[in-house]
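Letters are used for the chains, namely A, B, C and D, taken in the order the chains are written, and counting of residues starts over at 1 for each.
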Amino acid sequence: MSPPLILLDPYPRTRELIFRSVDWERLQACGTIVTHDGEGQMPSEMVDEHIAEAALVIGQTDLPAQRLERAARLKAILNVEGNFLPNVDYETCFRRGVQVLGAGPAFALPVAEFALGLALDAARGITGGDRAFRAGEERYGLAGNHDAFLLTEAPVGFVGFGHLGRALLPLLQPFRPRIRVYDPWLPDGYLREHGAMPAPLDELLGCSRVVFVLAGVTRENRGMIGARELALMPDGAVLLLISRAPVVDWEAFLAATRSGRLRGATDVFPEEPVAGDDPVRDNDHLILSAHRAGGLREALYRIGEMATDDAQLLLADLPPVRMQPARRETVGRLRSTPGRTYPEGSDR
Amino acid sequence: MSPPLILLDPYPRTRELIFRSVDWERLQACGTIVTHDGEGQMPSEMVDEHIAEAALVIGQTDLPAQRLERAARLKAILNVEGNFLPNVDYETCFRRGVQVLGAGPAFALPVAEFALGLALDAARGITGGDRAFRAGEERYGLAGNHDAFLLTEAPVGFVGFGHLGRALLPLLQPFRPRIRVYDPWLPDGYLREHGAMPAPLDELLGCSRVVFVLAGVTRENRGMIGARELALMPDGAVLLLISRAPVVDWEAFLAATRSGRLRGATDVFPEEPVAGDDPVRDNDHLILSAHRAGGLREALYRIGEMATDDAQLLLADLPPVRMQPARRETVGRLRSTPGRTYPEGSDR
Amino acid sequence: MSPPLILLDPYPRTRELIFRSVDWERLQACGTIVTHDGEGQMPSEMVDEHIAEAALVIGQTDLPAQRLERAARLKAILNVEGNFLPNVDYETCFRRGVQVLGAGPAFALPVAEFALGLALDAARGITGGDRAFRAGEERYGLAGNHDAFLLTEAPVGFVGFGHLGRALLPLLQPFRPRIRVYDPWLPDGYLREHGAMPAPLDELLGCSRVVFVLAGVTRENRGMIGARELALMPDGAVLLLISRAPVVDWEAFLAATRSGRLRGATDVFPEEPVAGDDPVRDNDHLILSAHRAGGLREALYRIGEMATDDAQLLLADLPPVRMQPARRETVGRLRSTPGRTYPEGSDR
Amino acid sequence: MSPPLILLDPYPRTRELIFRSVDWERLQACGTIVTHDGEGQMPSEMVDEHIAEAALVIGQTDLPAQRLERAARLKAILNVEGNFLPNVDYETCFRRGVQVLGAGPAFALPVAEFALGLALDAARGITGGDRAFRAGEERYGLAGNHDAFLLTEAPVGFVGFGHLGRALLPLLQPFRPRIRVYDPWLPDGYLREHGAMPAPLDELLGCSRVVFVLAGVTRENRGMIGARELALMPDGAVLLLISRAPVVDWEAFLAATRSGRLRGATDVFPEEPVAGDDPVRDNDHLILSAHRAGGLREALYRIGEMATDDAQLLLADLPPVRMQPARRETVGRLRSTPGRTYPEGSDR
């Protein structure tokens, strides 16, 4: 029996960005790898030449129904990004038993660490204090801590509880928080068994001192946190926009933080890169981060490690355990912008 | 029997800064409180008038040997600062069985949270990224994360392991760190039972990606981390100066971070306030914080709560459990600057 | 549109055993429930009458290919036992997109608690000490603790790491264990990200003071721990047989514990009930438990809660999150004995 | 300067029982050791010969006031048992600045592990199930679990919160318990900062499914849990008597468990050894343990490790950190029976 064929099409990553040499060697030992080293995606003719023999496709290759029909040996598609983009005809995959896996989990821990860093920074004014210091306007000790508060025992809210929320929750445990979660896709019992408290969005916003926005964008939740919702939050509360900008009403978020009534941080913006003269750049009560929460060298290597692990399992007829399977019910609901990588991604 | 007399002399704090009304009421129920509401310390004549009857002194009152000899009913002195200053004749207290308690533990958790915030900030470049963003120089995603690393599983070092270290350690647990500790006052078995790994200073510096300086200043450890020691740290490692500036050789620390070889953060400075033209203000690889790690409203209230709790216990002839007892062996070794509050203090 | 039809066939459970009234009310609100209240399984003609309309089947109903072909509206089969028995034509389900869910996760926590209880009991001789006491042969203090050891920092091994292992691992965390895991279906990176250390079986047995057997039975692992393997374990080590008896060579296990060289506990037996004169009943170094680790009232209610939660999600076209999906690769490999409930089940 | 003299008088232990060779070598390196290898305590004349020169006494040597007055160089007395017995004139020690240290902390973790083992055993009927199995009366699965309950999320009560309670609490954390604590010597704020909930005794008994009795005996708490208090506990609740028998009214405790209304376990008895015909031996709902919770080889070695560590610190004029200092306020209140070792001891 000939070794299985693996089509590797890492664009918009490169092979070197996602595979450490140890993982690359393990992957090579799995079968015959056909890859494209040049610019851009694997050319269409190259895909067409090999797709009938491919056991695995690793990448964001275009796989419409007609191409999938020819892929008689295909076991799985291992997406190297955090989202499920419309490059694949998912329905055909589900029907045919071709698994589609995403790399979202590789980003969960890096984003969770970053989110905790932002929360502590916002609660204690670390970035703002440093800025004041450089301007010669620092205030020492208690005088500089007017708005500061402890995270320990602070009421916390999570908007969304996918793998990002599940990665963040243990990092918060030592702070003995009371964590309310709003996630309309999850039953209360699921949240409780993870040690969180299910809550409606309004209650969560009204009761929490620190709110983490962790939800992917769906058709239903666009602009879900608007002026009315922000007005529910107590004075001095902190909102951390981690997952996707469209979940909040951007202008309302900027207004609530510009005035200083709320404070916050954001890693995502409606348009990236942000225009040079965008007034967000002067917002004193917002920590600004250029979509850096997940896109870490270690996270990218983790994609390669996970993909290699799951490739080995799939080729041994065992179930993959590291990447995230696309699910029929939600793959069409998540609205990612093709051509734009939101690495923290949706996570269900 | 008349109610016990409590001398309350909160300077340099004020009563309102340290006692929430609930604790103030509890304290009043403990006995007769003699306090001084005006500027500065309690006047000498006022102390002298009441010291012979006092069961407790709460504050930084001058208590030389001759005054203590007159204090026949004195059970304890409850210091409302983080350090044991030379205002008390400790030897007389130990001989006489007068307990001397310090408020250091009130600051441990606030400082520990701040230290973790600085560590995540430095590891991921949160403050630096915000500064770049405001200057219109932000870099998105992976391009902005050249130096970033995860805290999870990073090797970590603690220089000093008093109550500050003991408060920080549980906050790090979810990151599954390997924590080396250097503390010449503590036996290896003590460190191991706290889940840390004892290590010589040089090994700790050479192996750790993140080093927390948590030691109080003693006669022995001034300038302990100098150019030689900093040179042992790996490229890109992070040093967080949390407890006291004199533990490091300041010029060496600035030089190592200015070049970018190391990164760091500091909450303490050799002279505070820092001069307006001090070049530290332009150090790009250092997060600057104006001695704000401990001096939080909540921490000050905690002093009042702890002092009230221990006052109740002492007056009921039970051992105090919340404040930190001065210990004969170390009270003279810790070098605090009188008149300057270092709230994070020594911690043993 | 008419409400969805739910076929409820709880045998060998009963409705009252698995549904608390609150969950039963929630389930009734989901649609029209057709159930069978009499003895045994739902009669064949009753299934046939309704299967074409059913959106969900909750139970162990026989669902061969021809019946499934008629089930045009069927979204999912919610198995109320811990195992995937051969009552369903799984291949047809996978092809058709009918999800098959199992109740295994409901038993993970109860079994994990029990397993920890057995481990502490075996390490400290609780059951044996009580038996000696009742016989008037107790020995006090140190004299009775000849073989006792602490769990804290003891090397621990897990044979198998499905949801049972994942439920047990956090219960062990406070003991700061070094946990080796042998699971040939899982990549090393997966184990490491759960904080465990991958190890070959021989190394695990040779290095561990406490070994938990947590694996389901497959074609490959029957008798996997035999005389040779047991001989690798250090003197006085403890083996806890939690999941399924056939994973060990039963006679070898009994011999190694009867001599006292190893100690252990077992909740499972090759034949249940055990014969009245089975010599296992006199084995002094084995704690005997009559398949009681999982079959707890609370666990059964949890099945009802989970099934109701997932039924709600499925009927709202959202992915189920509480029960365990059957996976094409493994559903045929796990060897459960039809007609015999092993509630702790396989767990992948 | 001559090396310091250490008087080692390990009775009722022996040197080999408490010192591993590594610790014994470390201790020998600290100074000149004078010890007594024969039967019983160090003879009086031997103590008198050396006491004037001794820097440390390790053991339970009789040290009345007149002997202490001669001990001009004595820094500390390191008691190798868990309790502070009346062999020392404590008042003289406090006045003279001679530290008195106890070995109680060496037993905290072993006792805590045992207590958790008893709790899981009682909640799930492990010992009782094994007994039934040996009698051929086992019941399988759910039928055998009539009274069983999960520890996870069960309400738990601690009577007493010294170092034993503090060692047990982290072992319970993964069970996400709600822990009520009754300890009249501790302020509410202290309990809250340890993550426990202060409660009056009656509320604790009325609300808890599992009650751990962890308090040492004092003049005030003898028989504190009597028939009235036991009647407050809910049907089927579990009481674990870990620390000292006199804290409960023994007959009331036996009556409440004999009937099966409550279940429990005890490691301590009013008289030890228990008489051969004591009816406690037939109590079906009580797990019987012959004072074995603490007296473990590893715990005894820990005494030697701790004593050596603290000896090193004391001789270097540093504060001891591992053993437990006697406190003036409580050393006279704890009622240990001289001549009888209760290793888990009092712990404050």
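Keep this in mind: a residue touches a chain if its C-beta (ideal position, glycine included) is under 8 Å from a C-beta of that chain, and two chains touch if they have at least 3 such contacts.
In this text the structure is predicted, and so the values were computed from the model without any measurement.
Shared contact partners of chain C and chain D do not exist in this assembly. The chain with its Cα centroid farthest from the Cα centroid of chain C is B.
We define each chain's centre as the mean of its Cα atoms; on that basis chain A and chain B are separated by 37 Å. Inter-chain centre distance (chain A to chain C, centres taken as mean C-alpha positions): 33 Å. Chain geometry summary: the mean Cα position of chain B and that of chain C are 50 Å apart. Among the residues of chain B, none is in touch with two or more other chains. Arrangement of the chains shown, judged by which pairs touch: one closed cycle in which each chain has exactly two touching partners. Residues 94-95, 97, 185-187, 189-190, 305-306, 309-310, 312-313, 317-319, 321-322, 327-330, 348 of chain A touch chain C in their complex. Contacts from chain D toward chain C in the complex involve residues 17, 109-110, 113-114, 116-118, 120-121, 123-127, 129-134, 136, 138-142, 144-145, 148-152, 170-171, 173-175, 272-274, 276, 281-282, 287-292, 294-298, 300, 341, 343.
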